[in-house]
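Each remark here refers to the structure printed beneath this line.
Each chain carries a letter (A, B, C, D and E) given by its place in the written order, and its residues are counted from 1.
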Amino acid sequence: MLLVALGIGIVAVIASALLGPKKGSRAKLMAYESGNDPEHGGVGTGQRFPVHFYLVAMLFIIFDIETAFFYPLAVAYQKLIPFAFFEAITFVVLLLVGYVYVLKKKVLEWA
Amino acid sequence: MTFTDWLPTLMIFLPLLGSLLLLVTPKSFRDEVAGFIAALTLGAGLAIWRGGGSELFRWDWIPPLGITYSVQLGGVSLALALVTAFMSFIAILYAARRIPNPGPMLSLILAMETGLIGIFAAQDLMLFYVFFEDALIPALLMLAIYGKSGRMAALTKFAAYTLFGSLLMLVSIIGVRYIGGSPTFAMTDLKQNLVQGPAQTWLYLGFLAAMAVKLPLWPMHAWLPDFHEQNHDSGIPDVMGTLYKVGGYGLFTFAIPLFPDASLELRPVLMGLAAFTALYAAWIAFGQTDWKRLLAYAGLSHMGFVALGVFSLNETAVIGAMYLLAFQNLYTGALFLSVGMLQERIGSLETRVGGVMTQAGALGGLTMALWFASIAVPGMAGFIGEFSILLGAYQVFPWLAFIAGITTIAAAAYALTAFQTTFWQARPAGGLRVPDLVHTEWLILGLPLAVAVLFGVYSAPALNLMQPAVRAVLTALGGN
Amino acid sequence: MLQPPEVSLTPLLPILIVLAGAVSSTLLGFWVSRRTLTFINLAATVLAALSLSTLWNRGVSSFGGSLQADNAALLLAFVILTGTLMTLLVTLDTAWRARVSFPEFDAMLMYAVTGCLLIAFSGDLIVMLIGLEIMSLSGYVLATLQGSRRAEESGLKYFLLGAAGSAVLIYGIAFVYGATGSLNYAAIAAKASVLTPENTGILVGGALLMLCGFAFKVALAPFHQWTPDVYGGAPTSVSLFLSTVVKVAAFAGMLRVFGGALADAPGWHSVLQVLIAATLIIGNLAALRQMNFKRMLAYSAVAHTGFLAMALLGTPQAGGAALTYYLLVYTLMTAAALAILAALQRGEEGMTISDLRGLYYRHPAYTVALAVCLASLAGLPPFAGFFGKYLVFQAAFQNGYEWLSVLAALTSVAALVYYLRPAMLMFMPDRTPAREYAHGQRTPTTLAVTLGVVGVTALGLLPNIWYSWVANPAIWTLLVGR
Amino acid sequence: MPDWLATLLISLLKAVLVVLGLLTTFAYMTLIERRLLGRMQLRPGPNRVGPMGLLQPAADAIKSIFKEDLTVTLADKLVYTLAPIIAIGMALTAFGGIPAGPARSLFGENPWVYNLDAGILALLALTSMGVYGIFLGGWASGSKYPMLGALRSSAQMISYELGMGLSILGLLMLVGTTSFQGIVGWQAQNGVLILFQALGFALFLISSFAETNRTPFDLPEAEQEIVAGYLTEYSAIKWALFQMAEYVNMITASAIMATLFFGGWKGPQFLNAVIPGMSDWPIVWLVAKIAFFLFLFIWVRGTLPRLRYDQLMRFGWKLLLPLALANTVVTAAFLAFRGSGGLWFLGVLSFAGLLALLIMSDRVRVLWNQPTVRRPESEAVRAGGD
Amino acid sequence: MVPTTYYLALSGILFALGMIGVLTRRTAIMVFLSVELMLNAANIALVAFARSWGDPTGQTAVFIVMTLAAAEVAIGLAIIVAIFRKRETTNVDDLAALKG
């Protein structure tokens, strides 16, 4: 499936590359900046991101892993009652501690 | 348990208590308190002597580790402890007069006295090690607080040499117990579980490392002259430093009983080293122009003799060595103090000042008498020691005894030369007034001299004290 | 079939108390001052230490043996909590000056302690790993928290090398698991001696990898390079924490793994002795060359690692007791020394050794205390450091590592020299102006220092106060599961 | 022909068929969407190419292939080309795991391309891989607006992925399996899960919209602010591939929702009374359900305005995440304490929760609508530092 | 069934690559990525062993290790970003405030 799916993309790109016209001009190949010349000749791929995005990324990593922990528990949940319930509660409470901390730190504010 | 059993413990820890007490004593009473404590300690020692030495006192200090608090003062150890207490008292007397704001110094002297008496009293290897290291700290501090500008290097050298030896000794101590399989570190137990075979030699070498540094024995002696040179001019720390030369005692009490085979095996080498040390030190001393260094090398030379005696494993020689060890402390210490007085008066430790005798006759006279004691003039305690050593050593290795014998001549040469240039020779320049001895200074030089003379003439009490102990130790060798 | 593990929270009690402190610091930090938090955490630490006594001699375990509140764990936990207590006391005074006075600092500290306790209480490799990582991760943050150039740099170094160490350790765990099919200490110990040759090979590989990983964590040469930079660059109170509590915990892990699970596994002993020899030589000689007191203490921590690790070469009975004894002493003396440094330094880069000159005449009490700590670190009797050294010498000696004992003794000479030099310098009279922070002497620090100095002296004179607790060989035999 | 080769070939054939089906759906989806939107906005929409504009998709396809494919000078060429391929590849792959009927129902073959025990997990993993395509595309363009778009979209997608992942936890607890077949089977027995997990479904629905970058969450390509987001520098087929990926993702999301909450490929059970086995017909039911959800997507696009970016993030983190957790806890508590009672109470609880939220919506809105503080820039930087 | 040895070989190669990366790379990020590579090598080994023993413990361990890796990523990136923002370099050799 993966092969076929990727294949479609590759074939399409190659086809277009073969079939499409190639008439680049400087203006056409310039990075988009509402028709102006890009500042400092363009930013390229070495740009820096606002730090907030790092925060979100890190939070995501952490929370996502926590979620990953929850899946096996959820699947086995009914077989492990009531142990699993207290586990779940403990887990959620700890998660909430982190969540509240993040909330109070105003990391989840976008202004 | 009677009071006498507690006396050694009292004698050990009384100075330490005094040392701590001094920290809270008002300034105006400090000298008196220190002197009183030192006198009390000496009194305790005399009381033990009067009772003919103490029994072994044993208490399980750290049972799981097999470390006991075993102390005994009797025989050699008692003699040395008495000398230590006596000289500490003298040092305190002089410190109280000589040093401005003597609080820390008095405190350190007392603290060190505890360590030293502890070393002599300990009948447990671990305990011995503990006191051995303990005595080091006050010595270092005295050097640090009162030393001269080059003290950092001297201090490092001193500490490095001492600790190099003592840590090897620690490993040996552990080895003695575990290879031998003794339940504790107490001597009584260790003697019943001797290590046999080549391991004994190795352990002996480890033990020897510490003692050779402390004796000191060539080539482990390099710290000694620097240590004495950089110490306070008054010579008080040097007195304590002299007392700290416990290597001979350690070898005698612990090494011979615990490593009898190794002692015999290594006897020729070690005696050679000892004789060489004696001669070499005397030779170096001859070229010294600084009194402290001169005395340091003189002391080193004496220690060579002591080592020669101990290593020879001959009864006469060992007794001589212990005798010398005990009494050289008296006159070497007193000599250090006398050069301290000299320095106070003329502001220099140079041997080439000249002409002091004309103004300060008493100082010169007492110093000369002490020098005579030092170079083993008959009638002084040193003579008995050196003579016994030579006599005993001659029975073992005549040639070595002969080499060592040369030393006594060399000693006379360096001592008299130095004395002559300082006290007699015409003053080169300047009209510095040199006051003679005042009040306690008479006592400070006179008392040690008196004791040295007393035991030079009437040696029976000291010999009676030491002889049985030495015999007991030498039985470990199995009759050779 | 799925079987819920038996859950008993009793063995967890100390951990839970500390964790409660950590969580409260996390959340309450928005409403109350850091000082209050520190007091709460102090209370939590003391409570946790008290709760240890309720577990003594009960040998309870939880989660199918994954958490063991055996006596070994309790003793190690006590050491950890002692270090924590001293750290907290010191931070009461110095955190503000070190610019780490955030609630997060306390929270991270307590999380790290939670991790440390988990290591001490661990009954299998996974719990140990979790504890180790909680501890390390919090440690990275603590080292960086100050936000200064030096702190960030030290944090990054700590992090990169620590992460590499963790990775190696985890790879080792994988191999140990591969060889024995279990992660539980007792099960590993039981299987370690009855393996096929092939599996034994895997086990040796795993043990060596774990050894390298732990060597990173406790700073055994040649994996020690981060230590001076991190201890030197982090705020002093953090260095205090890292060099005492964190190191104790890492050693607790080593004791659990190498003294317990892998005690019978072949191979690692010989590598460990080489590492120890290298550590002793490198740590001591490098410390000798240091001009900065803090860096010197950092290198001394490396050197002490060598001594501490020697205990692991002993039989578990002798080694465990020696290690635990030494760890407490090490904690007390290092913490007290660093506490004084933290109080008296002007900036976080610490003091140069020459700055110490004449300190006695300006801060006599602290100077005497520092001298006692240094003497103890140097291993001079009658301070407890001596008995620590003695015990590890003995443990190594008894198990046939005579040469290592001799080497340790020789390198100790260097150690004594570099410890005594500053100690003596402090007593040298001096007329130049003071080069230390004049108002450093404050009650909480004094308390911590007193605790350290009194502890070191008391344990030196009467080692039995602590040694009688740890001396029982049954405690350490249990580690091996026999 | 050996067995494994046959299996492989059949799988391959199925894969090709599914892909072709999806692409066709995508093509006509665009047409339908434009027509429907046109209808909603009272305009005709594309109606020139072919009858009722039916050939419009073909025309679009031909155009995008034959257009000039620009690669801006500052771009990282390799990544720039790879990004759309990744995007479409992951999108297409994800769909293959969804079962369209009972085993062996399709000419004796299974109506799915691959089947994993951890079906949902695999699917979630694959769909979240899509974010790589978008982010790499934006980053590799080496230009300002694509970068911003890429950042926004990845922040958005990862934020909502949390809500998505957590919102199905309650469902998993009820069902006790992660395989799609198991979930479908459970629903056939106990009733569709929307009844018991209304709140979970609502959260999942919203997350799905965000995950597929659809209105009202189509921030990454918000032309008013950042031109066309990550697509700014793309043209011709690569642009088309991204569009394709978006629509395929929509289809996949619809299929997942249908499978998880609406009984999957099974029709309503009572229909079996009319024609026996009717509810087991492969493909039919699933396609019908997918079509419904696709319509929903278009409908919402025609109805709701776009969120502001900060609102979007706050909504995800402050509302979705805690609610999903709450949903999980409620379900967990219910399962732990229900005794022998039926599941209906959980359904009531869930609906009640959803209703309560709707009623309180004005109050809840402040959580995400307005920023609570304005952060000075310096503080923002410091927050990143520690 | 693929023999366990193959998995181990793969994990060994990954681990070695990671190790080489840690030792030779000079950028913090690259060192860090190498560490992650090592962690994944450990994961592969754990899973392989778990399979060969037929025991799920190894797999749960992988779970934990993944979490640890994630936590490490979060903290590590935070530190690296903090340093990078302040001085525009993450080259390990450029960090020289603590030499001596």
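Just so it is clear, a residue touches a chain if its C-beta (ideal position, glycine included) is under 8 Å from a C-beta of that chain, and two chains touch if they have at least 3 such contacts.
Here the structure is a predicted model, which is why all the values come from computation and not from measurement.
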| item | value |
| --- | --- |
| Shortest walk length in steps over touching chains, chain B through to chain C | 1 |
| Remotest chain, chain C as reference, centres from CA atoms | D |
| Inter-chain pair with the most contacting C-beta pairs | A-D |
| Chain nearest the overall Cα centroid | C |
| Distance-maximising chain from chain A - centres being C-alpha averages | B |
| Length of the line joining the C-alpha centres of chain B and chain E, rounded to whole Å | 63 |
| Rounded Å distance, chain C centre to chain E centre (Cα mean) | 25 |
| Distance from chain C to chain A - Cα centre to Cα centre, in angstrom | 39 |
| Centroid spacing, where centroids are CA-atom means, of chain B and chain D in whole angstrom | 92 |
| Residue list for chain C, restricted to those that touch at least two other chains | 144, 147 |
| Two or more partner chains touched - positions in chain E | 71, 78, 81-82, 85-86 |
| Chain E partner contacts - residues on chain A that touch it in the complex | 51, 54, 57-58, 61-62, 64-65, 68-69, 72 |
| Residues of chain C defined as touching chain B within the complex | 375, 380-382, 386-387, 390-391, 393-394, 397-398, 402, 405-406, 409-410, 412-414, 416-417, 420-421, 424-425, 427-429, 462-464, 467-468, 471 |
| Contacting residues of chain D [partner chain A, same complex] | 11-12, 15-16, 18-19, 23, 64-76, 81, 84-93, 96, 113-114, 121, 139-147, 151, 154-155, 158-159, 161-162, 165-166, 169-170, 172-173, 176-178, 227, 232-233, 236-238, 240-241, 309-310, 313-314, 317-318, 321-322, 325, 328-329, 332-333, 335-336, 371-375, 380-381, 383-385 |
| Chain C contact footprint on chain E (complex, rising order) | 8, 11, 15, 18, 22, 28, 31-32, 34-35, 38-39, 41-43, 45-46, 48-50, 52-53, 55, 57-58, 60-61, 64-65, 68, 71-72, 75-76, 79-80, 82-83, 86-87, 92, 95, 97-98, 100 |
| Chain A contact footprint on chain E (complex, rising order) | 63, 66-67, 70-71, 73-74, 77-78, 81, 85 |
